[in-house]
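To start, the structure under review is shown below, and the notes come after it.
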């Protein structure tokens, strides 16, 4: 198990160090195994895969979470992550605008609110 | 209106010529305006925007439609489109696998079935 | 129970006689109670309520089922129902087009495919 | 572009003046184009169409957003809009109750909470 | 009507007395009929059915609401309800973890946040 | 990796041998890694966990997939699985009926169609 966990933890720190710590912290008293799975499977197995660059992976994640519209906290984590792995603010805005086509204007408008909050916290807007 | 329509039509042909013709054909007797809007807004306004490359846009679309899981015909159109604008088969597979994380394994497995059907029709599997 | 059931059955026949019979028929060997609940609650309790006309109720149902995008058989039943209670073909098309705004173009396009199938079966397209 | 924008802006003011100003205001520093698209496409192209009255359009929107359950801010805007274009409080309540049938009781209960908040802000409850 | 209402009210009190009172209280000025339907149909008709034990029913409800991800208030009510009818904290955590498989990690993580809030309010974490 | 894979494979065979073979077979030419992940994570990590019995886990899965309504093939696999691990036909029907409350009647009716198909294939209806 160690290898997947270690690889996941490294990937998590590369993408968003604080989110990783918060995840562990918030889950350790209720479901530490879910924290471990989150590190092992999404970060250790999937986001660590070669085959497509990390920036493309974050674009895909922002698109999916904006379209689903039911996971604002995770969307904010991944907007931060996208900025951390080389997406520009403008590219993130483009992807969220595009979701108006596939998931409707309310989904895009709510995704943009999430992005605005992240950009403000990083003082880039 | 002409400019948005023409730009959208050009973009639609660039992405998938046949899907464009089918769209027009299928809607002309019931809702020709919806065909026109589909050309003008998604293709003319959005997918024609600069700011992020078309390959990234198709990655975002495949991610969103796989995650939503309620639009198999459009997902197939955009898997074709992704191949047309430079995504490799392997990159498309990567994005669909990644959706297991954000929308669950059933969404990813059904997205993969759609991809397999497209790849078979293009004789690339 | 009888009153709710009778009222629901009358409303179901008013809206779509055949769909009612099919519902009973399809469920009688596996879940006859679900058939009964469907007659009693949606038709007996809700669609029989005064306060808003039946045409508006069918508009709301078409909008909801097109937006949710996960219930094609029921969407077709209610497109038929809408025609039965006085909606025109053009009004149904309008509502489905409008869903492109709130649930995205794929939802609207798939809703339109359902409408086209219903219109064809009724020879009105 | 001007005509669609102007028509959309007029329609937006007819439906909900303040929401229009807020939309522009909130998006102008992050994605002014999304504000423009929201005015042009939903309001300029779609809600301005003839073929069905504006009250029916707002009924459809309330139904869709209550059923989807992932866009509380937009649902509140459109409950206000429905009141502005002639829906009564009672009719809005009817449509939201009806969503218990198509999207489940939690969706209907959460839609009703949104309606209650709007009605309170307008001092009509 | 009385029998279904009485049966539903008894079931509601068995499952969660306070939630029942709050439901009635919150809806009585805007949609008392929706309160009545909620008591009659979900609690009177469905959750009162024999055929499967109440604990299994609450497991099913927690699974569904975690997967749908659009009804946090109702999810919390039913996490409380599950504890009231004999589920352990550990079993609830198991079901929510399992949803990572079927609806994705964000849905599971947000479900766990809801559970944590409930467990804290009951001082069991 | 072997241990998780082996444990997952054993669990998959316990739950549904044929579905396991089909999964591998269908994915081996397009995304063998997704087949491996499906065995390792859902079956090896999650469904193999102690803490709640396998029958309760299948009840949760049927509830979630019926409510989501976008994964008919997987729903059928898990209705079979539920029968394999000790759920009765009647219990499965109960859980699907219950989803009318949380996800609406169309979701429940479509879930019941899936169940009917499975029951017919097993000659138990």
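Letters A, B, C, D, E and F mark the chains in the order given here, with residues in each chain numbered from 1 onward.
As a convention for this text, a residue touches a chain if its C-beta (ideal position, glycine included) is under 8 Å from a C-beta of that chain, and two chains touch if they have at least 3 such contacts.
Just so you know, these numbers come straight off a predicted model, no measurement behind them.
J.: Please flag the chain sitting at the greatest distance from chain F, going by CA centroids.
T.: Ranked by distance of C-alpha centres from chain F, the top chain is D.
J.: Matching residue numbers in more than half of the contact pairs is the bar here; say which of A-C, B-E or C-E clears it relative to B-D.
T.: More than half of its contact pairs match B-D, so it is C-E.
J.: Only C-alpha atoms count here: how many degrees separate chain C from chain E in terms of the superposing rotation, rounded to the nearest 5?
T.: Between chain C and chain E the superposing rotation measures out at 180 degrees.
J.: Where the centre means the average of the CA atoms, what chain is farthest from chain B?
T.: E
J.: Using mean C-alpha positions as chain centres, tell me how far chain E is from chain F in Å, no decimals.
T.: 23
J.: Need the CA-centroid distance for the pair chain A / chain E, whole Å please.
T.: Roughly 30 Å separates the two chain centres.
J.: Would you mind pulling out the distance in Å between where the CA atoms of chain D average out and where those of chain F do?
T.: 39
J.: Please list all residues of chain F that touch 2 or more other chains.
T.: Counting only residues that touch two or more other chains, chain F contributes 33, 37, 41-42, 46, 49, 65, 67-68, 70-71, 74, 93, 97, 99-107.
J.: Going by the contact rule set out above, which residues of chain A touch chain C in the complex?
T.: 67, 99-107
J.: Quick one: in the complex, what on chain D touches chain B?
T.: Chain D residues touching chain B: 33, 37, 41, 45-46, 49.
J.: Can you list the residues on chain D that touch chain A in the complex?
T.: 23, 26-27, 29-31, 33-34, 37-38, 41-42, 65, 68, 70-71, 73-74
J.: Going by the contact rule set out above, which residues of chain F touch chain C in the complex?
T.: So the residues of chain F in touch with chain C come to 68-70, 93, 96-97, 100, 104-110, 112-113, 115-116, 119, 125.
J.: With touch defined as at the start, can you tell me which chain F residues reach chain E in the complex?
T.: The touching residues are 41-42, 46-47, 49, 51-52, 56-57, 59-68, 71, 74, 90-91, 93-95, 97-103.
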